[in-house]
Every structure is written in structure tokens, then in C-alpha cells.
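Accompanying notes for the structure given below.
Note that the chains take the letters A, B, C and D in the order they are written out, and that residue 1 is the start of every chain.
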Amino acid sequence: MTYAYYPGCSLKGTAIDYHTSAMALAERLGIELKEMEDWVCCGASPIHQRNPALASGVANLLLSLSKGISPQVAVLCAACYHNMKKAEVEMREDGKKRSEVEEISGIAFDPEVRTRHFLDILDKDYGLNALKEKVVKPLSDLRVACYYGCLLSRPPEIAFDDPEQPTIMERLLEAAGAETVSWSHRMECCGASHAVPLTHAVLRLVNDILQSARAAGAEVIACACPLCQANLDMRQAGILTKFGVAHNLPVVYFTQLLGLACGATGKEVMIEKGMVSAAPMLRAKNLL
Amino acid sequence: MEESHGTEAGTERVDQETTATSWEPRIVAFICNWCTYTGADLAGTSRMKYPPYVRVIKIPCTGRFDPLFMIKAFERGADGVLVSGCHPGDCHYTAGNYNARRKYTVFKDLLATLGIDMDRVRFSWISASEGGKWVDTIKHFTEVIRGKGPFREYREMIDVG
Amino acid sequence: MSKIGVFVCHCGENISRTVDCERVARASEQIRGVAFATDYKYMCSDPGQALIKKAIREYELDGVVVSSCSPHMHEKTFRKAVEEAGLNPFLCEMANIREHCSWVHEKEETTTRKAIELVRLMVEKVKRNVALEPIRVNVTKRALVIGGGVGGIQAALDIADGGHEVILVEKDPSVGGHMAQLSETFPTLDCSQCILTPKMVDVGSHPNIKLYTYSEVEKIEGFVGNFKVTIKKKARSVDIDKCTGCGECQLKCPSKKIPSEFDRGLKNRTAIYIPFPQAVPARPVIDREHCIYFTKGKCKACQKVCPAGAIDYEQTDEYVEEEVGGIVVATGFDLYTVGEQGPYPDYRGYGEYGYGEDPDIIDGLQFERLASASGPTGGAILRPSDGKEPKSVVFLKCIGSRHPSKGIEFCSKICCMYTAKHTMLYKHKVHDGTAYVFYMDIRSPGKGYDEFVRRAIEEDGAVYLRGRVSRIYRSGDHLIVKGADTLSGAAVEIEADMVVLATAVMPQPGIEGLFQKLGISYDQYKFANEAHPKLRPVECATAGIFLAGACQGPKDIPETVAQASGAASKVQILFSRDEMLREPVVAKVNENTCIACWYCLEVCPFKAITQKEIRDRKGNLIKRVAEVNPSVCTGCGTCAATCFSNSIDLAGFTDEQIYSEINALMAVGQDLFPEPGKEEGESPDEQAA
Amino acid sequence: MSDRTEGIREIARKWLGDGTVEAVVGWEQGTYKDKTSPVLIRTPEEADRLLFNERCTNNLMTYLKREPVRGMEKVGIVAKGCDIKALIGLLQESQVEREKVKVIAVTCPGVKKDDGTVPVKCRACDVNTPTFYDEIVGEKVDSSPEPGARFEGLEALDAMTPAERFRFWRGELDKCIRCYACRQVCPLCICSRCIAEKNQPQWVETSPHPRGNFSWNLVRAYHLAGRCVECEACETACPVNIPLMLLNRAMARTVKGAFDYEAGKDPETQPPLRAFNLDDDNSFIL
């Protein structure tokens, strides 16, 4: 199982823990994520608002880099996935758009190529049963709130699960022994794109999400998007100041939890990186 | 009936000069009784005008269309062949047109593989209410065939020896 | 040599204005095999027809081409005329020189030439026409009605009142269908059960109606006028002839916690049960899946208390055969699945709305039960979770319907009306409550319908918000409904005590199995298809089968009843004759060359082709061949075009006829190539020279 | 290969001995060293004539449609994976009954044509180890179909203009002498009276004139669309070397692309011209 891996810029910066833990998990599972060469930023999120054709052109360029590795392109970031998958589907289905994009990027589109989110790869290609077999340290007694945010499963044309009621993360984490909670705000927007210009709005949105997760009894939030993670994790201090609520709820990537379950060390999955560290809680449960 | 299949042409002697100078496109249309034939009737009752080079052969349903008909039409000198019936979902016999569509799909690719100019073959769905579409289709097809001229390649083959 | 007559009509000036009709007649005379040709001003007039008849007798014609208007116009007229002159009507064909020629072309040489060619083409066809006899089919004057909802009930009663026997098959233990579940009906707000139950009783007691409840159609053979139906009577475990319907068994049954289908899970029932008090027949049935005796092997409480000794645990499914001439399909609808587990696995549902997880999120039929006087709350609007009166109820329309990303594009048609009705019923019972409605559009065409919706809004104060809801979740005692009000452009959050989802109207799950048995077509959603969307909305394309109600598409009660009466009328038209005549345009198999590959059998849209065994005198199988049932065949010719060895042909459109038409096609004087190998040197060019 | 030969003989001996079958159709050594011939074995003693080697190129399934094999109650037949595709086609079209035919499948690493080259069917083979049989001999051979091999001949054809293609086919089809060898060897040309021999009406002209040749070859390819299992028997049999497989493969490509169907894969599926989907391609119909 070899995939052409596109990290995207966040995964090499703020979300290095996502990248590192995904690599550690993949290694444990025997999945090869081979990083494509010479990749560039996918352009999320301003480019597709300014020039949609150019955004698709960038995606086409990125998809073309998979040549020689695999037509299956593994992506971790929800925004990268969105941009690339959307362009891919459009190009496959709309000949006119395809020629426009091919012209702008100067690259012929390969209809065989497929953008795949790592969640989807684990679920469909690898399979829950195979994953279960690799679990050496079940996440027992850990109550996780799986957070999808607004982008990961939408719109329906590019969804790899029910776009309004996805369960893919729950299924994976339950396969690793965790208990997942049913909660209301799993699909709400965290307001990431407003983080700078409208911080107060974001604080409210994030507060609602964290509130809801805690009310459902979650001990940790798992997510699959660098911006969601950053926002939910980093805003907790601001929320304390503004609303006087101390959530103290760790927000981690699903790859970190799955990595631990499959025997990676805390260091390998960079579990200590979060602002609200998950380490003490996990240690208490003997998962570290 | 003991008639032979020979050409028993009327001896209306009108066209002494024939072909070279006064070539007229020959278009054969196999159309279904319920939709396209009735659509063509509607074009008539609405007094729409279209070029007079199309010859209609009525079949009950496009399901009755056997690709042999098309080959025979070309063999008899057709410059273009149209097959038209009810839109998907409208077939008087519920599914004749769906079966026909499969035949078209296969047969058109075969013709293309053999080098038949696919501009000379046309498939359409024309409903009983689409008199205008019938007229447009015939107009356009006639123009295309006019532009292409006689189907010389096929005729040369027929005329060998 | 054929003796064909050609009759060229001027149609007043309709044809002669652009076509030189006289020349067409003269030219026709020259076509080999034409014995007589003439032109006349109005061929369809009495003198015109007389002219044809006279010529047939005088020239002993064996074929006729009337060169005039479209066959759709006058084919019947001329065939009748020909028949009156002693010729088989199928030896008459029409060359359409009006709609396809004179009316669509200018007055030019080419137009007259085209007319001549069209005549020639038909002459060549008629030469190969053969006399055909109409097919006579006996009619069994009994009808089968499938489905005992209001549509099936109406159709059965109408046919039975017309004096014919009816077999009514209902899959559930009682007739009544969904209408029996409704509280009040729009736009009059009269009580649904009050108007339906008398009809149910009629159906149960009508001398012409044989009722099979808890039964399903297992198999259908035959064709219009002559269907043979096998009905599976599911084991009821109760002898309904002995049973008096006293209900003792229900009271004593220890298995009491089974969600009631009739009350859509809002109330429980016992394992032996009469689905609802007004059921017809008012006889119980044992639900073997839940019965303690059937699951654990002991109990027999019902048998012990039954005073009539009607409980029969040994009963098995029984199969009965009935012969009928016509069939009405009235299988009705079910609702779109909103929870994760539903009967429509192809559709995604609305997990995000929490249906099935939160008891206070219900669908429209559940609300009907809540509002019904015979319902679980006795008609009080109380929310299922704790029995409190909800002070704020949010109604969501278009759940499933008009939502392509959930798999459905159509409009369910009845939800706008019943939601308006729901808001009224709610407001009439909870005066201080608020009813919110999220809608996309309000569709209320129909007599008194729009007025009804306006009343809900204006008099009863339902709050209509134009927009959709993204999510519903519980927050303490309330449900938070997050949606958009697109008219004000605001995102709205409503604290609701109860949410009602107006889910899409779908065909009964798995109904395509029945449709396939019947040989009728259905659309992508599995709604049955009518023969023609405008002009034959009650018939199926398969002769003798008619549609009533929501099995065809979403319909409300009056539409269903009207269509049911229409279907009943169609059945009675069918039954008005002892035998039927059918056009003999049917397929026929050449048994010598048929190789039994069964392509024809598979492509036939009407299941008119079956396998036939040819045996020698000793009974040894020689070969199998395809056989066409001429009573079922409708003459589409798909089989003929599919057969590789052309071992099946279609009367009226035979290979020979079409071949001859193609051969005759080439323009006069342009015929460069005579038929290869035959009559060389006879091409018109050379003749001309 | 010799163990396969022995395996075949053993099963044939057993079946003929205990009356499981009346006869076994297989290959035997041909007159020339590099050739094999079809043979009908009727007694256990004769079974030693059977063999399998890389020259067992012919598809024996065509004998199922001919006498005397056709009339037999039970017959054994030796078949490679590719040959079995033809059997599946015949089963789909009810031309043979499964119970009447006992298949001795041989795993096959590939065969050679008379000129020693590897046929396309072997390069594109995905059934080196058959999956549909009564008995199987030979050790498992993994399939690794050469990507693109199946349709590689079509590339040159695709690259031509229609006029060039027409000229190309004129050149090829004018050669046709209407011997119908292509039809006779084809295991799936099953009609008892071929359309080419019907004369009421005569859709296909019988003399070897270009116009009739064109119609005949066109009709032949059309009637095999979605049914041809690409055994290459027709092309091999053609005495004037018409590249018939180009037409057959073009049809196979169409059927695969349009209906996602491959002939000879699954006896339970419907051949494409015997079925339809509501959402079949409609784009070319105006």
C-alpha cells in the first residue's frame, strides 16, 4: 500500500504533530506515505475566491506530482483535501472546465488520479478489521468527541462519508478501543477563517463547541484538520478571559490517538505539543 | 407474395441529366410511429418548412430498428441515415427505445471503427410534441450532408465491377 | 404480379397546392404491380371511398395505397373502406404526402417527386403485406385489486357495485392503509376514520368482494382478460371464521411491549393483536416474531382464553389461485427513511436531525397518531419523551423531497398541505403554543387548498420561515433547531419542545418486486409508470393493468379516490365485452431457425415471449424455441430487431416489407444501382435512355 | 507441461471409464511437430492421445455447437481459462447445459501462435488459472495482464481519420472471399441459419463483392459485440489475413466503456444487447 503523500504547508509548520503522528501511524500499519517532490501550497483558502480556475490549476499541478508514486494521493488537511478533490471531480466530469484548467496549469489532467483523505484510506482501503488487529494498546476508558468541523465532509460531491452525519472518525477510534460520545456540535464551524479579523466571534463559536463536547462527557476532542485543531486548542485561554470558562479540554489529531493505540510512543506522535496538553490525562489512563 | 426484390422504380422520367450537376442529398429516416412520426405530422399541421430530401420509413418503435436497415440504406445510396424515436421514459412500449439505445451505442462505434463518417449517421429522440425539433433536425442534417456531398467512399465501393 | 391500386388525394388544395397530384397518379401507374391509379379531390369523403371500393372490385385489387394524409389521421377510415369492399384491411397502407410532404415543402419539382417516391415506397411495402386477422381474446370478468388502502377500497367497491367480482388483496391484517392512521383531513378538517371506516366495512361485507387480508400476490401469469394470480395467505395463526373478534386474547397476551405499526411506535401492542379497533376484518393475528409461544415454545395464553377455539398455532402459509381479467394496482406509499436504519438503503436519510435517537423528533404520520382521537394520547398533543404538552413545535418540510443530495428530486406534493393542517391541529389544541414551519416553497394548488394554508398562517398564527434546517440537537429540556430564514437573511435558532419532519412520500419498500411480477415499469424511485403521462394516466403500458393512488407518485386522498374510480371504470370497460379484439401487429417466431438463445425473451417489454418445447410423437424433446403469445404482444418489434438470425418477425413491419421500402427509396431517375444481381439494365436511367 | 498432459489423461481415462462422459474433446499431437489438432476421445484407452502444450492455441469450445458433440448427453472438454470464457458465453445464451459439459481446466502460462509469437490473448490474459471448471490440472499460474496489450492494436486505427480508416478497411475487406471460416470456427457464432444465408430478404449480399464483404464483416462484428471472448480463432482461420480481431476488440472496448461489461466473465450476467440500464449513455442521441 503506497500512496503519494501531499502534506500541505500546515503539516510542515503549525500542524507538524499531525504530520509526525500520521507518519508514525502509517508506519505501524504498513502503509507507505511517500511524499511527493516539489509540492507547493494548495492555495487554501484565498485563491479559490479570487480565481477558481487558478485554484484548480494549482490542484492539477499537485495531482500531477503523484506520477511515478501512485495515482492515489493521500491528504491529511481538510482544506487541502477540499481544494484538490473538488478540482479533481470537476475536471473529470466537466470537459470544458478540464481544458480550461489544463491550459492554465499547462499540465494534462490524469483521470486516473484520486485525492484521498487519510481517514478514507484507513476506512476503505485498510479496513477497520485490519486496524483492530494492529491495536496493541486499546484506548479503553477514553471518551472522545470526534469533531469534523464544517469542511471535512462537505459538499456532498466530494464527501467520503455521509456529508451531514459522518461517522468515519467514530468508527476508526472505536476500532482502536475508544468510547466516542454523541454530541451536537461535531459539524459546527470553528470560525477558523475569522480567527484574525473577528476573534470575538471565533471565541463564541469555539466556546459553544467545547461546551457541547464537555456536556457530552468528552475527555478529549479528536479532529482531522490543522485549522480546527489550532483554533479549538489555542482559543481556550481567550475563552477563559472572555467568558470565564476554563474548558481545559485537550484537542488532538485522530492520528495521534490511533498512533498511540497502535504502539507509537507519545514522542512519536508529539502528544505534548498541544497548548492544552493531553498528556496528563492519557498518562492517568495508562495510555502513555 | 412472389415479387422479387428488384428495383421496380416508377418510370417517371424527369431527371435525364441526373447526378453530377443536380446532386440532391438522400437522407433516410427510420422513425417510430408514436413519437417522431407524430412529431413530423405536427410539423406538417403547423406548416413548418424543411428541405424535401428526407425519406421516412415508419417503424413501430425504435426497438424495431435493426442496424441492418442502416447498412442497407447506405448500400442503396443513402448519404445520411437518421434514426429517431421517443425520448427515454416516453416509449409507447415502455422500453423499446432503451434496447435501441444499446444497439446504437454498439453499432455507431462499429461504423466509426470501419471509417464511416459519423456525420452521416444521426440518432435523435423527437417526441410527438416536437414538430420544431423534427424540422430543425432535418434542416441541420440536410445542411451537413449537403456540405459533405455524396457519400462517395461508400458509392465507390458499391460500384466496383 | 400484384394488383395494387393507388389513390392520390388532393385534400382540397392542401396537397394539390404544392404537389402535382395528377402527375403522382400517372407516375404511380408506371410502377410495376400497380393495376390502377387515380387522383381525387377528397379521398376520405363518401364519393372518394366509393371510388376506392369500386376500383377494388373492378380491378380485383389485392392491395391499396391511399396517398393522402398521415395514417394517424385516416388509416382507420381507409382500412374500413377497403374491408367493406371485401379486401383484408391490412392490405391497405397510406403514403403520407400531406403532413410529410405538401405541407412542409414549397411548390417545386422536388416536392412532387418526393410524393411519387413516397407512393412507390408504400407500393413496394403493400406488395408484401399479407392479410391479417384481428386477435380475439376472452375476458374473465373478475378483477384483482392489490392494496387495501383508500385507493384499493374505492376501486374494489366501484367494480363490485358495477356487478363484477373483485379479489382484494391486502398485505396487512386489516384494510384501511395510511388513511386509517390520519387524524383529520385537509382542507375540511373532517375526521379521516369517520369517512373511511364505513367504506372499510362495505368492502368487508360486499357480496361481490372476496377479501384476502394478511396476504400477498405471489405470482402472476397470463395477459389481459386472462390473468392467473397466485395469492399467498400468510399464516395468521387465527381461524378467522371461528374467531368472533371479542379481543380476550389481546387482553391476556403477556407479550405487551411491541411497538405498534399502526401507531408508528408511539404505543405498544401485544403479540396477538387486532391492529386497530375499527380493523376490517376485526380479527387478530399472531405476530410470530414476538409471540412467546413461537419464540420460546410455551405460553398459549391466547388459546386458553379464546372462547371460540380459534387460535391455530399450526397454521401455515396457504397459496390460492384466482383467475381475473383486469388488475388494479393500489399499493400506496410509505415515508422516506429519516433515521439511520430504514427500508430504503439507497437513501442517506437525515442522521443530522436525530430522528430515531430523540423521541421528540417525529415524522408526519406519527403526528397524525398524536393528533388522532383514537391515538395513543387520545388526541392530546403530548410529546413522546415525557408526555408534556409542547409549547413550541417546529415543523420541517421537504425532508427528503426536493433534495437531490439526499437522493430525491421530486416534490412529495402532500406535505405543504398536511403541515399546514398539523399547525392548525396543534394550535387548536395548544392555544398558547407556537408552531414554526421551515419551508422551501408553499405548494397548495387544489380546491380550497391555498385558502387553507392562508388560514393556518393568518388565523392560527403558524410562523412560516423560508429556509432549511442544518441541525437539531438536544439542549436540556429543549431541542435546538438551527436553521436559516432566507427572507430576513438571518440564521435562526429555535428552542423547540417537539420537531415534526414532513418526510418524502416514497413507494412501498421493495414494491418493485411486485411490479416485476406484473410486468409493469417503474421509475428510478420505484413509482409505477403510467402508459402515457397525459392521456393514459390510469393505464399501465401492459394491457389490463391499471393504477390507483400513490403507487404511481405522491397523491392526496381525493386524487387517489378519483384515480381509483377511473381505474375501476377502465376495468369495467374491459369487462363490457365477452371477448376483445386486438390489432394483429404481433411478432412471430420461425421455429426452424430459432436457436433458443432467449434474447427476444429478455428484451420483450411485455413478457410476451415464452419458451416452448417441441417434441416428437413419443414425447422426446427435439428442441426448444421461443414462442410469442399474440394476446400479450403489443407489436413493438424489439425482439425482431434483436434476433441475430432474424428468426422472429413482426407482422405489418416485416423484414421483407422494410427491406422493400429501403430498396424503393432512391429518387426517381437517381437510382444508380439496381439491386445487385437482379434486373440489371433496368435502372431508370437506362430505361430513360 | 507434461504433468498437465498426464493430469488431463488421467481425468479423461477416469471419466470415460466410469461413464461420466461419452467423449472428451481435447488436443492431440498434430501432423507437424509444432502443431496440435483437436481430437474427440471416446474410450479410456485413447486417452493417452490427449496432451497439453504451448501449441494448444485453439479454442475447442466451438465443437460444443457442432455434431456429434452437440448431440451427446455428457461430454468432457479440455479448456484453458480463455476457452472457458466461450463456455460461459454459451451458458448465458442457453446453448449448452452446464450439467452436460464437464470441464477439465488447465492452468496455462500462455500459448504460441503458429509462427511462434505470443498471441495478444495471452499477453492480456487474466485467467491463466481458470476459476470455472469441474476438474483442474496444472499448478497455479498467476495472471499479470500486460497493461494496454488488449487494445494496443486499436491505437493505430484510432489515430487515422475516418477516410483513412475506411480506406484501410476497404483494403482489408475487399480481400474477403466469403469462405465464412471466421464464422465456422467462432465458438459464439451459434445461429443455425446465419443471417448471411437468409434470402427472404437478402440483407447481406452473398457474392464476394466489396459491398457484400463490407456488410458481412460489419454484421459479423456487430453480432459478436459483447459476446466475443477474444479467442482469436476467426483471425487465425482467415485465409486472407483480415485483422478481424481489430473489429472484435473495438467492440469489446465499446462494451466495456459503455456498459462496463466483459464477455465470458460471469454466467449469471446478461449480455449487453439483451439488457439495458435506464442511465445508459444518452449523450450521442440528439
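Following the convention adopted for this analysis, a contact is a pair of C-beta atoms (placed from the backbone, for glycine too) under 8 Å apart; a residue touches a chain by one contact, two chains touch by 3 or more.
Keep in mind that what you see is a predicted model, and the values were worked out from it rather than measured.
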Result of counting contacting C-beta pairs for B-C and A-C, higher pair: B-C
Chain A and chain D, separation of their C-alpha mean positions in angstrom: 51
Separation of chain A from chain C, taking each centre as the mean of its C-alpha atoms, in whole Å: 49
Distance from chain C to chain B - Cα centre to Cα centre, in angstrom: 34
Whole-Å separation of chain centres (CA-atom averages), chain A against chain B: 58
Junction residues of chain D - those touching two or more other chains: 195, 201, 203, 205, 209, 211, 273, 275, 278
For chain C, residues that touch 2 or more chains besides their own: 603, 642, 646, 655-656, 659-660
Complete list of chain pairs which touch one another: A-C, B-C, B-D, C-D
Complex interface listing, chain C residues touching chain B: 2, 23, 26-28, 30-33, 70-73, 96, 98-101, 103-106, 108-111, 113-114, 116-121, 124, 127-128, 130, 521, 523, 529, 532, 541, 585, 603, 605-606, 634-638, 640-642, 646, 650, 652-653, 655-656, 658-675, 678-679, 682-685, 687-688
Sites on chain A touched by chain C in the complex: 155-156, 162-165, 182-185, 187-188, 212
Chain C-facing residues of chain D, complex: 93-95, 190-195, 198, 200-201, 203, 205, 207, 209, 211-212, 223, 270-271, 273-275, 278
Contact set on chain B toward chain D in their complex: 5, 67-68, 71-72, 75, 88-89, 95, 98-99, 101-118, 122-125, 137, 153, 157-158, 160-161
Touch list for chain C against partner chain A, complex: 340, 348-352, 357, 405, 471, 473-475, 480
